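Two complexes are shown next, each including chain A; its partner changes from chain B in the first to chain C in the second.
Right, the complex of A and B next:
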């Protein structure tokens, strides 16, 4: 008989705490206990929760999950070669994580002291890490955070050391492998110390596509003064993978954080929460998103930019192309505190619908409490311009190529902003391939 | 090359072309003039295959093939080129990139091997010079932020690059200053040969000072009401279109 999901969560929590008496410290145990109580009280979000209004999680919670993975193989080198993942072959330091656990034996890392990499369990007793883990988050708007904190196992902590500039990006490859449907909870922490510069790329894939992988990840990011962090999320892979990615970024003054989130056909469910707290002055934050969806995919991007201090600039640009029966949601919130004068905050969300059955919900939310600011937002939903398509055809270009060109062009505002040229090419190619292969799908 | 017989066409049930007959032979330049709303641009659109036009009767033969049977891209590959009256801006599509694809498709259709990167570059340089088209513009996104004149010159540049058999210039002269007009006309004159043909649609005689047509047609109310030599254009410029209307009226009476 199937065990009720809630009971399973309770069982998992109790087993973690039983183990915990010996291996986990008091602080973590207390943290888990508090988070578990919160989750018990909140439960999973329903469509009555404003932040989950168009994103029903019920269907993805139906599986009879295991909370501990049951690996199907131990020779991951071959499995990775066979299955591959989106972003494979990028010139980067590649860090492999299997079921949330960092695998140094299959990873390559910088040989110098520019970064430190550790499993979260190995460093959670450090004051700085403990503080980050204990940071209060809005569990009410996203109860999955509480669940994650109560049950997380695995995850990685990456610190880019003071004034170090990485010569290559760090590529985190999150792979899942379990013979049973697996509900994963992992917690990652990225810290860019003062004056450092780095690129972090994340890829996600499920190796055993026979069973579903529901990945509930929380990533805490700190960008210190004068640091610059570029963060890429490459989301394209098997439909058996479902992602709930919650990212919290705290920026100190004079820092820069760029987030690029690209979601392409594949995963059946994606929820990205991206929350930025601009805690100093002269901060620059850019968020570029592209979602190209098909079949019965659901892709939801929720962003929050919290302008807490004056003289900062944030810029959000999300573009969507929806095909098939897919559904996409963009909810972008910008909050400007009374003290945050001279804020520049821009937000744009443009969408093209390719099918009568596709849906987009676009919701800009600006809450501005300062009076000397420049803020703008725009949201559009439309179709491909038939005049532009005719123009291309009149020059001898066929319908499919023309559409592909126009979709690439539509995405151009976002793709041109990609500073990593390999990723830019990878994405443009993926868009072309998708459009050429699937352009005629309803 | 082109034979249009008793062509009737319209948009959403409105008849615009009401029995056009026109034959264009290789090496010829035809000018089509006429007042606003006479159907000049509709004729261009029907030839290029714009899908909101519905052909209700008649036929168009291009080099012995049924043109109406072809999709727009096939017409282009067969050698029809329409220089648009209002070229669209497509940010994000590179001017040269899209031409490269177009030329590849056209050559493939004609059984020709693709141009090498070097050949393409060479052709680009050569044709740019021919139509005095700035390299900076050629490298930009398609027509993005171009002035009206720059867009029209880009049309002629594309024409030069694609080497069509029949080119239709839809009011290419409108919105051009006198220098741009000269450049466009020079381009056409250099590109004309005994193997290709041009249909030049225009309101004014001005362009025909530079491009000398073999035949001038007057289109009114969806029909070609008068054809003649290049002197017809001068007469139209002088007297306007009203005398033709009267002329026809007299004939029918």
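Right, the complex of A and C next:
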């Protein structure tokens, strides 16, 4: 099976090279070549690989994939209306991407010059973009990133201009549509220039649920000095969608980056890699995650916070509720370089198991090389307090409602941090709905 | 008063205090490992055939195993063919009293501050001293045998109690467990064997002092402790080794078996030669320690104080099989110079209502790296399992590293697990406070570190606690954060 897939990947790579000769620059062709060589050498990760110990990718690679989508429709306005996506209707500038390609005709963007939006292939000759794409990590070590670099098509570059403060969030809607199982490679780049402030929301959905969509995406983010970027990932949708999301963030001094990753029942496979490089001083980084899983879902959150300079603060809080036969993995890592004195780094992971068939793997790691730091982590696994449930029942609240209230309270630590009120409401509502649902296996 | 830097320098260049070589004729096998060597060891020890076959199976498993890659340090390239797998003091006459022991050996132990001839006077401690591979003196045997307790060397146990050895050997750490356990199974030289019969509370702390002496001789101890129903035993293990320029490897295996209602307490103070200040030499301590709480309400507790070895790589673990069984792990690991410690524990909750508690305190100084790596696993039948883990790290200087790799896995909805970890340095205000009260920085640090490690040191039996406290102060003398 895997040999077939590898052959396909090779074919795809060769055809991309053939087409690319004319349209792509030398630099990109060379990069693709290097990345492909890395991928060929590494192959897909197995559970023997420490980073994929609990996340077996074999089952999701079994499909007979196509690497070029075969769209089922051309009138997406209707399709989007019919199918919908989590986060639809938020008050935001909505950018629609279909199979990774930006669709300006269905998008609305700010009319002023506060941001620039472009397809990756239109701007990859720019020095800054070229530099980002050529970062070592894009063609070394991680096989999925290497694969992405070798085969990526489409993608979007969003630049928030210097000192601009956006009045509304930018909502990226990643939609897939293909009549065959589609293995998508997508690369996006967000740049928040000096002093800018913005909110970026991402939603994901597969429009043709008959076929599987395996999305292998890399998002490169730069947060320049004094800039502030809020980044939301709303992951709730159809089980035919499988996500492998790599988010690479580089922060300059005095910047702030907040990441919110919410995964709710739906997608059968989610792997989020969130890597933050704190490259200056006085940086503030927050990562909030909530995963509420059910059925046979597998949700894996890997984070890495790399403290390279002194006087930075990072804070991670991930909360999980596992139901059904689902599996969740949290792997957080804080790395403090010897020079990064006065670092404050916190990491917390709390989990509730609702079912004897669900599993949680939690691995909060610290790697500290500086002595004058405050670093701590905590991890718990437990269940709802039966006394609290009894208290609510004694006051006439039925078990279902009571449980839903307690789960909302458990999630409160994370949800209260959401600065976007619309998203906060959306999420609270979604949690309540899930907990009241009949699918709950206790 | 010394400046901070001077004190740190003092600390980082501190020479190993217990380095010396004892001159005793050794019966050493030439380096190399093959079937013949294993047959030779087995024959030399007059072992039954089943044991030889077991060794050979271990060797087969060893040949098939690969070196692990997951550890947080560069594993040294060990040339297994360059190691001699058997060394025994030539004097092989069985001794009944200490008077018959080679005086030079006695002198060695005296230098280490473990005077065998005082052990008798020290109430409650029986010592089975292992000098390299063969036990040379066993005290208090008679007193113990009154209670039906068997405390002897592994070779004696093979001779006198083969049915017990055959039943339990390899039952907790199979010969296929990991490469070093396989190697140990193939070539284990000697070790201690303890059997506590049903309903007996062992009247004294059992203790073995390990020494590595012969050059280029890896030590492959095998310890087996069996506690029958309703019994109790506390076992102490302590080690120091003479100074060497070449790395020596120590790959011991310790197996503990606790039946219903039994309790085993296993304490270790390890102070092997850590290498000089440039990281040259030093012992590799690659030990597999595992206990199983077989019966309901049984308990196993590991306590370790690790200050020595160039590389300490071990995870004393507990399998909680019986219902209501409990496991504990208390550890203090101190590293300095170029030392590496990658240590922690594994607790497997299998039975219902099982409990575990992990307290780990790491202290790193100089250019050392100290890692806690622990696995807590809750199986789906382990209803109401409970775990608490705390691992704290102290950093002294900014050239060292402290790392935490906890693996927490749960498959049961009624299990409760907690894990917390902190990393910090010794507070300047704490030192200042003590300075104000006339305590100099060196003593202040010793005081603070002892306080920091107290939760673990308190678990040690009395005699050991004193030794461990001394060792800790000695090792960290004058380290101001």
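Miscellaneous remarks
Convention: the second predicted complex is superposed on the first by the 431 of 442 C-alpha atoms of A that agree within 3 Å, B and C clash if a C-alpha of one lies under 4 Å from a C-alpha of the other, contacts with A are read in each partner's own complex, and residues count from 1 in each chain.
Please note the rule applied: a contact is a pair of C-beta atoms (placed from the backbone, for glycine too) under 8 Å apart; a residue touches a chain by one contact, two chains touch by 3 or more.
Quick caveat, the model's predicted, so the values are computed rather than measured.
After superposition onto chain A, the partners chain B and chain C occupy separate space and fit alongside each other. When the shared chain is aligned, no partner comes close enough to touch A:30: not chain B, not chain C. In the superposition on chain A, contact is made by A:361 with chain C only, not with chain B. Counted by residues of chain A touched, the larger count belongs to C, out of chain B and chain C. In the superposition on chain A, A:135 makes contact with neither chain B nor chain C. Judged by the touch definition given at the top, the superposed model places A:81 against neither chain B nor chain C.
Of the two partner chains placed by the overlay, only chain B lies in contact with A:390; chain C stays clear of it.
Shared-chain residue A:62: touches no atom of chain B or chain C. Following the chain A superposition, chain B and chain C show a smallest Cα-Cα distance of 15 angstrom.
Touching of chain A by both chain B and chain C, each in its own complex, is seen for no residue at all. Interface of chain A with chain B (complex): residues 385, 387-388, 390-399, 401-402, 405-406, 408-413, 416. Partner chain C is touched in their complex by these residues of chain A: 50, 338-339, 341, 351, 353-383, 442.
Those residues of chain C that touch chain A in the complex are listed here as 70, 378, 380, 393, 395-425, 481. Of all residues in chain B, only 48-51, 71-73, 75-77, 81-82, 84, 87-88, 90-93, 98-99, 101-103, 105-106, 109, 141, 158, 162 touch chain A in the complex they form.
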